[in-house]
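Two complexes follow with chain A in common, the first pairing it with chain B and the second with chain C.
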Partner chain A sequence: MQAEIHDRPSFANIRVHLEPGEEIVAEADAMASMSSSIEMKTQWSGGFVNGILKRLFGGESMFVNRFSTPSGGDIVLTQAFPGDIQCLELNGNTMFLQPGAFIACESGVKLGLGWAGLRMFIAREGLFRLKVSGKGRIWFGAYGGIFQREIDSEYIVDTGHLVAYEPTIGIRVAMAGGLFSSFFSGEGLVTRVSGPGRIYMQSRSFDGLAAWTNSHLY
Partner chain B sequence: MISIACPHCQKRYRLDDKFAGKKAKCKGCGQVMSIKASPTADSTATLPSQDPLAANGPPAQNQPHTTPDDAAAVPPAETAAPITETTSTATPVSAVEPLAAGVPPAQGAATDNNFASVGSPGGQPGGAPHQPNREQASRGEASQILRGTTNHLQYEISQRPDFSIVKVEIPQGRKLYAEPSAMVSMTPSMHLEAGFKGGIGKTFGRLLGGESLIINTFTAQDGPGEVMFAGGAAGDVAYHRLEGNSLYLQRGAYMFNSEGVEVSGKWQGAKGFFSGEGLVLLKASGTGDIFFNSYGAIVPIDVTDGFIVDTGYVVAFEESLQYRVTVLPGLRTAGKIKSFFFGGEGLVCQFAGTGRVWVQTRQVKSFLSWAHNYRPAKSN
Partner chain C sequence: MQSTYSGGVFSDTLADGRAGGEVELMPAGIAIRCPDGEFFVIPYRECQVEMGGYHGRMLFCRNPDRSLTIYSEDAQFRRDLSLAAAGMLDEQLAMGNRQRRSESRRSLFYAVAFVAATLVVVVAGYFAVRSGAKAAVLALPTSVDAKIGDAAMQSMTLEGPQVEDPVIVDAMQSIVDRLEPQAAVEGFQFKVHVVDSPMVNAFALPGGNIVVYTGLIRSATSAEQVAAVLAHEMAHVTLRHGLQRAGQSLGIWAGMSLLIGDVSGLMGAGVDLFQTASANQYSRQHENEADREGVRMLQAADIDPAAMTQLFAAINKEQGDLPEIFAWISTHPDDASRIAQVEALIQKLPPRDYRPIDVDWAAVQTQLSDLPANQPPGD
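The block that comes next holds the complex of A and B.
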């Protein structure tokens, strides 16, 4: 399966060429265009229960679409917001994705739902997180640019900027500063990530966009 | 013909051969430079060509520029009084040496182009020369990464121009002051404290300037620290080094500054009042670094005579410029009524004098009115 990410970083999209027998699984809304030779099958995302839970708590759609072809064809996948898309190759390892980040994966990847914890819920990061594991490539997107960072010891990330992280990363929700500072600094709660491991961050956040827009509306 | 670039602001000049070895005052920034015999324009051609994608970016930001280093590589001609060359560090070149008598001014300035031909929006008198990262460019990055080191901090602006993010490293004990919500991430060695900075007057001044009352102070308490800042909107970040002079910032443009910079609101009087939302300004002054962001890409423009910018597109400008808010000259003939129907869109900022203006390539007001059409109709 050939897949390339085009038009980075603002309007990144994935162009996939499928050969007979190959499959790609994509988020319900992700398909922008495809050859007529491609067949689409909608299914529950990770089973019925998982699908419902994902919709309710994970910020993801409860369905995924499975694309296959008898004769070969092309398909273009996108995401809802302007921003970059990142491809990851899973080789039996696991990765956690923040709600809404998932776009597509190869059929060898298992989509699961992981309990993120009540603390993450308080930090408005969602009660659940998407757990991708197995073998194959996955694509996830972000609002803004995506950049990764190796975490050795500890690092502080504003909530809303974390996109994906390895399971070795420990996550703790903390206040940005003292009580007064956390409340008035506009940073509020932050996530303290501890390593070793890799995290992916986005350079913009939805909260930031909302705040910016609201500040200009009189 | 000699082609030279001002080592301070990168303004280009083309001069007759007879000026070789003489000194001249830059029309752009007022700094004295020596005119070298050999053309430095060639050195621009040796810069690695940009990724083709870069052509999609703002034109002024992606042009290769003659760095002060390149200029310095040319053997200096004999001059009446030696002038300080800008070095690759950020040591400020503060002293403007008086012009020696008999030095011809750079009259032959053939470049009518007002656009600053720098790859960085921050090439200013005495500031750090910002080398666009050539490795990144040759690696096929769509955007240039701006890096620099100053007396206070080390910075790196990446993912330009659409989703710019700034990484700042400061040594232990140093502080950064930032607008609320600008922080993306930081090392645990940084301590964050929110507070009203600068007393009541300055605090409310900032409110007038469209900024928050609160200023966040980041202190590198336990060893050197690193913070990343980003704006809320899709846009670029620009850097400017203040050397005792002042910079005016448009509403919402302020991001963060180093120690030594005072940020306060400035009551614009009638100027600001009549311009409505168009021009509410913050004033940053002192000696230090300031970073500001835009909606859209940022185009730095070196103004030498007069220049007109729509008030909604002004990001920042140097204090050395005189400005007045006025109705677009074409509309003026029809009287105030016409400009009233234009809904304030005819208001422009007319600049005079010499200095730099930073202009953004998108306007917030236009975006909001465009987006407003798609909002559910429940407004009053």
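The block that comes next holds the complex of A and C.
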């Protein structure tokens, strides 16, 4: 399977060429266009219960679409909001994705939903997260650009900017500074991540956009 | 001892610097086998153990130059490692455990502090909004009351047709006119609307519109008793209870959305709330205030305030037979304790020469029974 990410970083989309017999799994509604030779099969995302849980808590849809072709063809996948898309190759390891970030994966990848815990809720990252594991490539999207960082000791990320992280990453929610600067610096709470491992961050946050839009409404 | 534990490895020799795999405890050391066949070993005596990971329960085994890290979150792996390394790593493992425990204690402390702080903010915010709403409403000009009350009056569905009979309407208006000079706040235009309905009820809208149902007038044996009800309702108007209620609900709504973080729907909700809340029931505290102020107005207008308790008692007595209709008692909460409170108030008043209200009550009652709704059909 050949896959390229085009129009980065603002309006990124994934152009996939499927050889006969290959298939790709994509989030419902991710398909923007495809060859007529490609067949689409819709199925519950990880089973009935898992699908409903993902819809309710994971910010993903209940269904995933499985695209395959007997004769070869192209397909373009995209996400709903402007921003970059990142490809990641799993080699038996696990990755956690923020709700709504998942776009597509190869068929060897397992999708699951995991409880992220109260601390991630406080960090405005959602109570649940998507757990991807297995072997194969996955594509996930973010709002704004995506940048990654290998963490070995400790690093600080503002809440709402974390998109994906490895399970080896420790995460603590903390105040940005002292009591005063936490409240008046506009930073409020931050997440302190500790390594070893890799994190992916988005250069914009939805909360930031919502707050900015709100301030211009009236 | 379990043979393999699911885990992973970080190494610069791997394609992306990482891979998942099955961790094994071999005689030579901690080993991991990756899906693509790569194999790594760290001898026990070179191993540096650290705890970490998302849940703080992940065990990292690193070689001295930290170029190779093998990890697993399996709880059994921690115990088995101590055995397999023949106690060589126990000190490091114990230190990791201590660190983990102190961290989990600390995060528990922060979680409790966070929940407690949220509670304090919510409770304090609630009371701040309640008292703030009252102050804010009292600062508004009275013309706002009239605008809202008139709009509510027009959009309201009443329980029956409005009565235009001059004998009845004039009688009501003359009672109001006698009470009006005693109103605590000037600038309200009081207007009585009589509605033909068996409900024993009356209510006031902000700004001075007062609705009285014929059922209430019928069960009053004297003009003074109706005057008592009207004084109570006028007190609601002058004390601006309707707006205060709306302000409180609006404020609580605003506080909630401030907490949740969305203020976009605030404007729309505000308009709705002003319409509905103003006509809704008043709180117990507002009722008591209106009773007190009503008694004061009656006394100041030389009308015997005892009429208020007389009406309460009369309605209470009848209530046994026809519970549902006697709404003035039920929407104006309470009973015995309220009557007792009003009676206590009256007792404390200085004696005064009360002047009867200049209304022919018998004529009003006759007109009431002549209303079209009371005529037998076909007559």
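Heads up, the rule we're going with is that the second predicted complex is superposed on the first by the 209 of 218 C-alpha atoms of A that agree within 3 Å, B and C clash if a C-alpha of one lies under 4 Å from a C-alpha of the other, contacts with A are read in each partner's own complex, and residues count from 1 in each chain.
Here, contacts are C-beta pairs under 8 Å (C-beta built on N, C-alpha and C of every residue); 3 or more make two chains touch, one makes a residue touch a chain.
As the structure is a computational prediction, the values presented were derived from the model and not from experiment.
Upon superposition of the two complexes on chain A, no clash is found between chain B and chain C, which fit side by side.
When the two complexes are overlaid on their common chain A, residue A:208 makes contact with chain B while staying clear of chain C. Once the two complexes are overlaid on the shared chain, A:167 sits against chain C while remaining clear of chain B. When the two complexes are overlaid on their common chain A, residue A:147 makes contact with chain B while staying clear of chain C. Of the two partner chains placed by the overlay, only chain B lies in contact with A:10; chain C stays clear of it. When the two complexes are laid over each other on chain A, the CA centres of chain B and chain C sit 90 degrees apart as seen from the CA centre of chain A, to the nearest 10. Legend: residue contacts after superposition of the two complexes on their common chain; A:72 is shown touching neither chain B nor chain C.
The least CA distance from chain B to chain C in the superposed model is 8 Å.
When the two complexes are laid over each other on chain A, chain A has residues 217-218 in contact with both chain B and chain C. Chain B makes touch with chain A in their complex at residues 142, 158-159, 162-165, 179-188, 190-195, 210, 212, 214, 216, 230-234, 252, 277, 364-365, 368, 371. Contact residues of chain C toward chain A in the complex are 8, 10, 14-21, 34-36, 52-54, 56, 58, 60, 66, 69, 71, 73, 107, 110-111, 114, 262-264, 267. Considering their complex, residues 89-94, 96, 118-119, 122, 133, 135, 150, 152, 165-173, 194-198, 214, 217-218 of chain A touch chain C.
On chain A, the positions that touch chain B within their shared complex are 8-10, 82-84, 144-145, 147, 149, 153-158, 161, 176-178, 180-187, 192, 201, 203-205, 207-213, 215-218.
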